[in-house]
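Each of the two complexes below includes chain A, the first together with chain B, the second together with chain C.
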Partner chain A sequence: MSETVPGLYLLAVMMGMVILSLIFHTHYFVRVTDHVKKTSDRNFQRKDLMAALHIPQGSNFNTMMLFSWILFLVAFAFLYFMTPDILGTWDYFRVPQVASDSFGLVYFGAAVILIPGILVALFVPQCYGYYQISAQLKQVTLLTPVFLLASIACSVYLGTIYPEFNPFYWYVGYVALLISLALMLTPIAKGYIEEMRT
Partner chain B sequence: MKKILITFMIFFLVLPMAANCAITLGTGGSSTGGGGGGGGGSRQTSIDNLLNVIKDAKSHGDPKLDELKKLLYIEPFVTKNYDTNNFSMGLAIEPDNKTLTRNDQFKIVATVGNPNPIEIRRVLYLDLEALEPGEKAFRKVNSIPQMIMNSEYDEVNGKNLSSTTFPELTSFSDLKTVGPAVLRLHVSDGKNEWISDNLTLNIINRPPTLTNLTIQAPDRPRFNDPITYLADLSDPDGDLVNITLHILDESQKRELKNETQEAMPGKRVSFAANQYGFFDKTDSGKNFTYYYTFGDGIVTNNTTILKGPNLRRSATIWVGTPVVTPDDANQYWWQNYNFSVEMKNQDPTEPSVAVTVSLFTDTPAHPWKTASDSKTVTLTQQPQTVYFNVKPFDVLDANQTFGFRFGYSETDQHQRDHIDTAWIKPLNAKLVRYDLVSGLGIGNIIALLLLALLVSILVERRFYR
Partner chain C sequence: MKPCVVGIGGAGGNILKQFLRNQDLNLVIHRFGELLAFGDVKGIWLESATQDTQGQNYYGNLSEGSYPPYLICHAGVGDSSATRSYVMEKYGFDLKAMGFDRRAEYLKAMFEIFELDPELKAKCSEEFKRSDNPLSGFMWNTGIRPFTTLSMGKSARVSEKAGSKDQEGTDGLPGRIPSILRSLNEIGRTKGAGELKSSRLCDSILFLASLGGGTGTGFINPITSFVRSEEVIFPIFALGILTEKGSDKRHAAEGQRYLGAVIAMYDLLTREAGQGIDGLLLMDNQILMERFEGNYSAMDGAIFGALKPLLDLRNYPGDQLQDDAPAIRRVIWEVEAENGKEQKDRGHEIRLLPPMLVPCYHTQPDTSGDIDTLVEGAFGKAGNLFPLGKDGRLFPCDPTKADRALVFTRGFFSTEEIAEAVSAIIHLPENKIKIYRKLGDSKNEDMLILLRNPYGGASGEHKRQGTLEWRLHEIITLSLKYIDENQTNILGFQSYKEITKDRLRNYFYGENGLIDELNNCLDRLENGERPIFTRPLKIFGDAAIEPPITDSCLVRPEMLAKDKYDLREMVKSELRQILKSEDCRRRIREILES
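The block that comes next holds the complex of A and B.
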C-alpha cells in the first residue's frame, strides 16, 4: 500500500457506504412486509409482494443508472488498479504491452465493463424499482456520470505520468468517486428514511 | 573316506611287505621261520618299520615300488556302469534369432544331458568354440571352462539336464567381416570328450547412410566466418561410423584437406571449418567443393561431390566510434534514435567495397535484438557516415540502460566484424506515450464512455423491460 495515500482506509469508507445501503434496502423490505402483513388478512409470497411493490422508473432513468454503475466500476478500477502506488498488488502496468498501447486504457476499461460491470448492472440498479424516486432526485442523479468522468480523468492523468505520482489528483479522483457513489445510493437512503417515518 | 583309504593302504602294504620284512628281519636276528626250521616266537611288524622299508625302497629307486603303486591304485570312481554314449548336448541363442547384426546382444546357452546317476557322475568341463566369418578353424571363446558339478542337474522329463551360459560371447561387435558364424560346444569329463552339433548364426551388416548434407555459413562467407559442414548420420545397426570430409578445389580434381571423425549414428555430424583450419586468407574469393566418405568398418561409401563454400574476397575497412542521438533528450522508449558510425575502405587495392552493415540493440528485456534491416553501403577511401534512424525499443525497455552494436560484413582495423558501445543513460521510465489532454488521452476516455453507454442501453433493453 502506498505511504502517500491511505487508499485502503478510503476504500473502507466506500465499502461502508455500500454495505449500509444494502442494510437499508434489506430493512426497508422487512418493514414493508410487516406493514402489509398487518393490514392484510391473507398470506402472500415475498415474490408477489416484490412484484406488487415494483415501480417502473422509466427507461431513461434505468439506462442512466446502469451507465452510472458501470462507469463507477471503471472509475474505481482506474483509481485503485491503474498504478501500483495505491494497492501495490495487481495493477495495469504489470502488463506493459497493454499499458503502452495507444488504446490500452480502452482495453483495461472494456475488461472491467464486460466482466464485473455487466454482472453489477444486471442486479444492482433493479433496487431502484422498489422506491418512490422524485423527478427532482432523478435530475440530481444525472450528475453522477459527470463526477465519474472527473474521477476517470484524474486516474488517466496519473497513468500518463507514471512512474511519477501526484497524490492531489488521486484525492480529487477519490472524492469525485465518493460523491458519485453517494448520488447513486441516495434514492435508497431517501426511500428508507421515508419508510422509517411511517 | 580318508580312514577307509588309510586302512586299505595299510592292509595292502602289510601283505606284500610281510615277506620282505620276514627276510629282512630274519637275516638280522633270530630265525623267523623264513630259513626253515621252527623257530621260536614270532616278531610283530610295526607301521614304523613298514614305512622305513618303503622310504628305503624309494631312496634306492627300487623298481618294486612302482609295482607297489599299481597294487595300491584304486580307481577314483566306479566305471563299470558309467554311460558315455547317451550324453546329450546342444547350444541355443536367446533371443531365438539366428540372423544378427554385430551390435545385437544375445546369450549363448549350453544344455547338457547326463544319463548317469549322481553317484557315478563326473564333473563336466564345457568350452564354447566359434568359427567366425573368414576364419578357417574354431577358436575357444571362453578362457576358463565352464564346469557342471555332479549335483547341478535338474530332472526334466526323465533326463538330467543342466544349462549354463557363456558371458564371454554376448555380441559380435568385434567382427571385421560378416557372414555365417558357427558355434559348437566341447564337453569333457576329464576322460571322455563330446562335441555338440553346430549352431550357425548369420551375421549381417547394414551400411550407414549420410543425408542432409549442408553447409551452415553466412551468405557468401569470408574465410574466417563460421562455416560448418553438417550431415545427418544414421546406421540401422548402430555401428560406430568413421566419417571423412574431403575438401576439394572448384574443379573437383585436387583434394586440399580431409578430416575424419568417429560418430555414433543418430547424431548430426559437424565439421567446423575454423576448428580444423580448412581455409585461410589466401582462400578468399575461391570456390570449393566437398564430399564425404563414411564406413562402419565393413562397408565404406562415398557421397557425391557437392559445391561450397564460395568464399568472398576479404577487404579491410576502418570503423570509427559509434554514436547514438535520441530524438528527444528525455529518451522515451517510443522515440526514434539515430545510430551512426563512420566507415571507410582502407584496402588500397580496392577502390570501393560493398559492406553490409547491421544494427543490434541490447537491453535486459531484449538482448541483442536486430534493430533494423541491414543496409549495404559502398565504402571508398573517403570516410562516410552510416546511420540508422530507428525506433528500437518497446515498453519493456523503459527505465533500462542499453547497448548497441554495428555489425559489418568485412573485417575492421581490429580484425573484428562488429563494434559494441554501451549507453550509460537509461531510457526514461515513463510508460504511457500520450498525455491526458491529447487526442489519444481524450479518445480513450470517449471510447470508454461510449462502450459503457452502449452496454447500458443493451442491458436496459434486454433485462429492464
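The block that comes next holds the complex of A and C.
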C-alpha cells in the first residue's frame, strides 16, 4: 500500500457510505411496511407492497443513474487499480499486453463495465423507484457524470505519468469520486430522513 | 384512474401544462422514452385560435408527431371546403374562424346545426367520409381517441382507417430510442412486457375548460356530446373553472362571461346519463384569485395540486382495483336504494342527470396535525362558509348538503378514521362516503374530497353567502341582466344570417326559452330544489318540450298515458261534485243576475 495516500482508509469511507445507504434503504421499507400494516384493512405480501410503492422515475433519470453507477465503477477501478501506488495489489500495469496497447484504458474500462456493470444494471435503478425524488434533485444528479469524468481524468493522468506519482491528482480524483457517490446516494438518504421525521 | 386530460382553450391549455409537467430528468438535448407526467396521464390541448398556439413553445403540433401536442380543432376543414361554404352561406358561421366568436352560444349553435340540418349532414358525410361533424369528429378521432384504451383492438383498426392519414400516433417523439433504453423505464415494474402498451393508455377522459371564457366554454359541451355519441360508457368527466368577477383581459364584460358559463353548465348538466359527461367538477376562479392574489401560475398549480390524490397511482396494497375509472364512474352515478313499494308507487322510469362535484382539498406536512385537521382544512370549520378562500373548498358550497362524498387521501390513514372524520363534519352516513386511499410520501399528506351535489333541501339558501345556491344565483341573475340589456350585442353579430338571428332570438327571448328557463332555475335555487338545470335547450331544435317533473338529482319523464287518464277522470269527478253543490249554484245564479 502507498505511504503517500491513505487509500485504504479513504476506501473505507466510501464503503461506509454505501453500507449506510443499504441500511437506510432496508430500514425505509421496514418503516413503511409498519405504517401500512397499522392502517391497512387486509393482509398483504411484500411484493404487493413493493409494487404499490413503485414510482416511475422516467427513462432519462433511469438512464442517467445507470450510466452514473457504471461510470462510478470505472472511476473507482481507475483510481484504485490503475497503479500499484494505492493498494499494492493487482493493478492495470500487471497486464503489459493491455497496458501497452493504444486502447488499453478502453479495454480496462470495458472489462469493468461488462462484469460488475451488469450487476449494477440489474439492481441499482430499481432502488430509486421507491422514493419521491423531486425534479430539482434529479437535475442536480446531472452533475454526477461530470465529477466522475473528472476523477477518471485524474486517474488517467496518474497512469500516464507512472512510475511518477502526484498525490494532489489522486486526492482530486478521490474527492470527485466521493462527491459523485454522495450525489447518487442523496435520493435514498433524503427519502429515509423524511420518513424518519414521521 | 388514468385520464387523458384534454385542455380546451387558453385556460385549459395553461392548466394542462401543470398536469403534463415532466417528472423525469431534463437532459435538454435528448429524451429517452416518453414524457413522464404525474400519474402517467396523457394530454392534448385543443384550441381554435392558431395565433395562440404560435406564441408558446411548450406544445407542438400533433400532426408533426410532437408531444405534448396541440390540435387546432378546425384543421381538418379545408379553406375551400364545401361544408364550410354551406354553413357560412346559410347560417353565417365560419368553421375556420380564428378563435371563433368568443361566445358560448356561437359555438353551441354551430355544433347543433351538424346534428339537425340533414342537408349539412349529407354534405359533411360525403366530404369527410368518417364523420358527420368535421370539428368534433376530427378532434376525437385524431386528437383524443388515440390516447385512450379505446384505440386498442378491433375498434382501433376501424378508427385508424377512419382517422387522419397525417396522424403519426401518440408516441411520435423526436429522437426516441426504442426497445433497450425504453425498457429502462420499466425496470422494477411488475407488469409484464405484454401489458406495457395497454397500461400506458388512458382509461378515461378529463376535459379542462374555463366556464366564461371563449373556446373552452363553447367547445366543452359539443365535444363531450360527440364523444358520448361514439362511446356510451367510457368515463368522461369535466373540470370547469368558473370565471372570476370583473372584466377579463379581452375586455369581455362580467355579464357576458357569466352568460357563457351558465349556458355551458346548463348544457353539460342537462344531458342525461349516457348522453354527456359523468360528472362536472366545479372550481371558482374567484376563490383562487383571492387566495393567490391573481398569480395565474400559482392558481394553475393549485388546480393541479388539488387533483393529485385522484391521479396518484400508488394505491394501498391490494387496493389497485379501486382506481378503476369505470368503477369511480359507477359510484358517482349511484342513487338511493329503493324498496319495492317505492318502485310500485312511482310506476315509471327515473332518468339521471350528471351531478355537480365540488372539490375540497387540503395538504399538510406529515408531522403536523392528523386526519381531523386534514378534514377540517378541506371543509373549513362547521357552519363557517364565508369569507371564501380560507379553507379547502374550491367552489362555494355547504358541505353538509352533499349527498355523497368521494374521499381521496395520500398518507397513512385507516379507512375507519377517514370515514369517521369526514362524517363528523358533513353528517353523511359512512355508506355514502367512498374512500380511496393512496400511499403517502413521508413528507406531506393530503386529501381531496369530491362532494356530490352539495346544495338543495332548504329554501332561502341563496341568501346565505358561501353556499352553492348563492354563487349560482348570482351568476344566473347577472346573466339574465346581460341578456336583457344586450339584445343587439347578442343578436347583432355581423355574419349571422336571418335564420340564425331568428333562432337565437327564440332561444334567448322566446317562450320557454333561456330567459324563462333561467328564471325557473332561480326559483329552484330559492326553493332549495334539485336539480337546478333540468330541461335541455336547443337553438336550432325544438325548444318547446314539456318541463319534466324533478326530484332530488333525478328527472322523471312525462306521466304515463294511464296516469294522465286517471288524473283527468279524477278532475272531472271533482268538478261534478263542486257544480252539484248548493253554494256553487248560488254563486253562478248571482253572476248571471249581475
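In this section, the second predicted complex is superposed on the first by the 198 of 198 C-alpha atoms of A that agree within 3 Å, B and C clash if a C-alpha of one lies under 4 Å from a C-alpha of the other, contacts with A are read in each partner's own complex, and residues count from 1 in each chain.
The definition used in the following text is that contacts are C-beta pairs under 8 Å (C-beta built on N, C-alpha and C of every residue); 3 or more make two chains touch, one makes a residue touch a chain.
These numbers were taken from a predicted model, which means no experiment stands behind them.
Novice: Once chain A of both complexes is superposed, is A:Thr39 in touch with chain B (first), chain C (second), both, or neither?
Specialist: In the superposed model, A:Thr39 contacts chain C only, not chain B.
Novice: Regarding the shared-chain residue A:Asp48, is it in contact with chain B (first), chain C (second), both, or neither?
Specialist: Touch status of A:Asp48: second partner only.
Novice: Does chain B (first) or chain C (second) touch A:Gln139, or do both, or does neither?
Specialist: Only chain C is touched by A:Gln139; chain B is not.
Novice: What is the contact status of A:Asn62 with respect to chain B (first) and chain C (second): first, second, both, or neither?
Specialist: A:Asn62 sits against chain B and chain C alike.
Novice: Contacts for A:Thr198 in the overlay, against chain B (first) and chain C (second): which applies, first, second, both or neither?
Specialist: In the superposition, A:Thr198 touches chain C alone.
Novice: If you lay the two complexes on top of each other, which residues of chain A touch chain B in one and chain C in the other?
Specialist: Shared contact residues on chain A (touching chain B in one complex, chain C in the other): 59, 62-64, 66, 125-126.
Novice: List the residues on chain B that touch chain A in their complex, please.
Specialist: The contact residues of chain B facing chain A are 333-334, 394-396, 398-399, 429-436, 440-441, 443-445, 447-449, 451-453, 455-457, 459-460, 463-465.
Novice: In their complex, what parts of chain A are in touch with chain C?
Specialist: 32, 35-36, 38-42, 44-45, 47-64, 66, 125-126, 129, 132, 135, 138-139, 141-142, 191, 194-195, 197-198
Novice: In the complex of these two chains, what residues of chain A are touching chain B?
Specialist: Checking each residue of chain A against chain B gives 59, 62-64, 66-67, 70-71, 74, 93, 96-97, 99-100, 102-106, 109-110, 113-114, 117-118, 121-122, 125-126, 145, 149, 152-153, 156-157, 159-164.
Novice: Flag every residue of chain C that touches chain A in the complex, lowest number first.
Specialist: Those residues of chain C that touch chain A are 21-27, 31-34, 36, 40, 181-182, 184-185, 187-190, 314-318, 320, 366-367, 412-415, 437, 439-443.
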